[in-house]
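Here's the structure, in structure tokens; my notes come after.
All chains are identified by letter, namely A, B, C and D, in their written order; residue positions are counted from 1 within each chain.
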Amino acid sequence: MRGVCLLLNVFTEPKKLKRGPQVITLKDAAMISGLTGLQSGDVVVDAGAGSGWLAIYLGSIVAPLGKVVSYECREEFASLAEKNVARAGLSEVVEIKRADVFCGISETEADLVTLDLADSDKAVATAFATLKPGGWCVGYHPCFEQVKKFVLEAQRVGFEHSQSIEVIVREILVRDYGCRPATKGLTHTAFLSFERKPKEK
Amino acid sequence: MRGVCLLLNVFTEPKKLKRGPQVITLKDAAMISGLTGLQSGDVVVDAGAGSGWLAIYLGSIVAPLGKVVSYECREEFASLAEKNVARAGLSEVVEIKRADVFCGISETEADLVTLDLADSDKAVATAFATLKPGGWCVGYHPCFEQVKKFVLEAQRVGFEHSQSIEVIVREILVRDYGCRPATKGLTHTAFLSFERKPKEK
Amino acid sequence: MRGVCLLLNVFTEPKKLKRGPQVITLKDAAMISGLTGLQSGDVVVDAGAGSGWLAIYLGSIVAPLGKVVSYECREEFASLAEKNVARAGLSEVVEIKRADVFCGISETEADLVTLDLADSDKAVATAFATLKPGGWCVGYHPCFEQVKKFVLEAQRVGFEHSQSIEVIVREILVRDYGCRPATKGLTHTAFLSFERKPKEK
Amino acid sequence: MRGVCLLLNVFTEPKKLKRGPQVITLKDAAMISGLTGLQSGDVVVDAGAGSGWLAIYLGSIVAPLGKVVSYECREEFASLAEKNVARAGLSEVVEIKRADVFCGISETEADLVTLDLADSDKAVATAFATLKPGGWCVGYHPCFEQVKKFVLEAQRVGFEHSQSIEVIVREILVRDYGCRPATKGLTHTAFLSFERKPKEK
């Protein structure tokens, strides 16, 4: 089991949720890794790092031999992310890179690129070049308009659009005296769009 | 990336879905591994194997050094599961065990026990003994009565109840001429219940 | 348009919601009247009144010639409900009756009986006798167990079970700079069960 | 109870659903009338009629003294709608008008205008002029781009935006041997947008 598990689990309980803008919840992180088939040894490029949660989550799966490089050009976020990575014991696996993903990605042959940026459609062509054939680019977007721009641009640069989804987790209260779904909770975080680089023939 | 990825991805598309009774979909498998923090090297006990999909999915995450032992007492299912495991290239990681989990689990110090059985509440005490401190037992149940019996029994034998959830994936159709959620689709597979064995003090 | 409209509309905005236990929201009230085909002139029996919201809502539809009789045996609730009915201008249409529905319903030939009670399965036989052929009994229950007891008892006493549903309203934020579902909100109020008294042959 | 009730109830059961493009389901019709507070005696303008279902549903609520005028410029749809209105016994209440709503609405002092048109944003100014102060204009749109254009245009011409919502009805299967949400079903019909003409001061 991952050492980060308890740390990450706070995301599943809306009542404990203290989130900055666009922090990726555990439900979405689980679906990103689950639907792309991420596994130990894989190489991931992530942008932007924000507080580093998604990079940590993905790092815990690709560990010990894989790698996550997370781009972040805002210094205060990069510092925070680095501290969180160290706290999770993943400094050997997750690198916070102080650079702007829109200016290019130096890594190659990546298995997965995750984009959590307001204008991530502008990084799609770069992501395509970075990925190995069969690799995945996943966009995380709160708004419909972002999803549309991202998916259309992804198709334009050569990705095969797999699907755009919204993941809704309903908590069921289980008590001896009566079971029911919880009354209040998170109703939306973001849409996830899965784009795949075609395999070579 | 996992070799099983394309194989598993059929589960995300309801139109292609050919499921036997209680086959675990990719969305649920992703949430089971994601919320328990499963990672490379972990030991998993799974029951029953059914056609082996969940065992294969979990095996692809714990590979190459981890282990999944999947119990199945019906010979025709065990044979099918073994074929699917071989097809996924995971015979070194996933073992289909022809035995009844209600008669006991011989593995110890497991990180995760997954129970997809009609009467899985009867296997909860055995699961508790099998797990290491901090390990997870996850129940997969289509009906709420099963969830209730499982969770109450889990608490009785010493588990801490984390949460019971339902995972709903909504597909968003993205087209230049108009975006909207898909019109028809899967509306329920099962409830997932996460029970944790307390850590030692 | 109904004078009660603005009064009722507070229920659609979770942020303004101040609810006592089991107050029926506008989304559920709309579905109850909509799926039973309630219209002007109809006769409704409601139990228990609570703060009177459902009785007021239904009264505004059956007005001016229809009737809603709402049973309430707790004096403080009956007083509150009567004040709310007067405030909505529906005193001619909605009667708050200080009586226990479990002791019998004196009205006959009702078009609709609505039951929002913890043990409403115990009032199902009485509801059946009160309804005209083709009339509807609708149960409102937060918990699964209540739904099950109610529906099984309804079938036992002669009702045709139409359906049990859960109504989920997702708010979509529409802004020039970006549209998306709201982040937080109501995730469950109750299940609605629709039982129909068979028409005479 | 309305004579149309059984007719309309087919819409609640996805398995029986045979719909043309954009036929409004009972769940959405119920929410339109419920959230606008429609009642007996009200005047409604509807466009386009399509097969007439929404006009019939609203007509059954405003009957016997109210009125629904439903615009339809395609002759084959207008004929079908008229037949369905007659079948529902509402010819005195619901008028199918062979005219294009984009060319103007001759009715005034309406309580409700419902727009189920691909380009309904182009009819919003006309709807505003048709409504009495406090009246509602409700747009029905499958795609989010339509919602956005409609709501922004409604605000531009003077409407107060109340809310845009999506109504999801989950069916719960209730059986003695086990209760659970239905496995498959409708997952999206359309978004509903509620715009209100300000009351005079």
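What we mean here is this: a residue touches a chain if its C-beta (ideal position, glycine included) is under 8 Å from a C-beta of that chain, and two chains touch if they have at least 3 such contacts.
Being a predicted model, the structure only gives us computed values, none of them experimental.
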Taking each chain's C-alpha mean as its centre, the one farthest from chain D: B
Equivalent interface to A-C, taken from B-D, A-B or C-D so that over half of the residue contact pairs match: B-D
Approximate Å spacing (C-alpha centroids) for the pair chain B, chain C: 40
Centre-to-centre distance between chain D and chain C (centres being mean Cα positions), rounded to whole Å: 22
Residues of chain D whose C-beta touches two or more other chains: 144-145, 166, 170-171, 179, 181
Chain A partner contacts - residues on chain C that touch it in the complex: 14, 142-146, 166, 170-171, 178-189
Residue ranges of chain C in contact with chain D within the complex: 1-2, 4-5, 8-9, 12-13, 26-27, 29-31, 33-42, 60-61, 63-64, 111-112, 134-136, 144, 147-148, 151-152, 161-174, 176, 179, 181, 191, 193
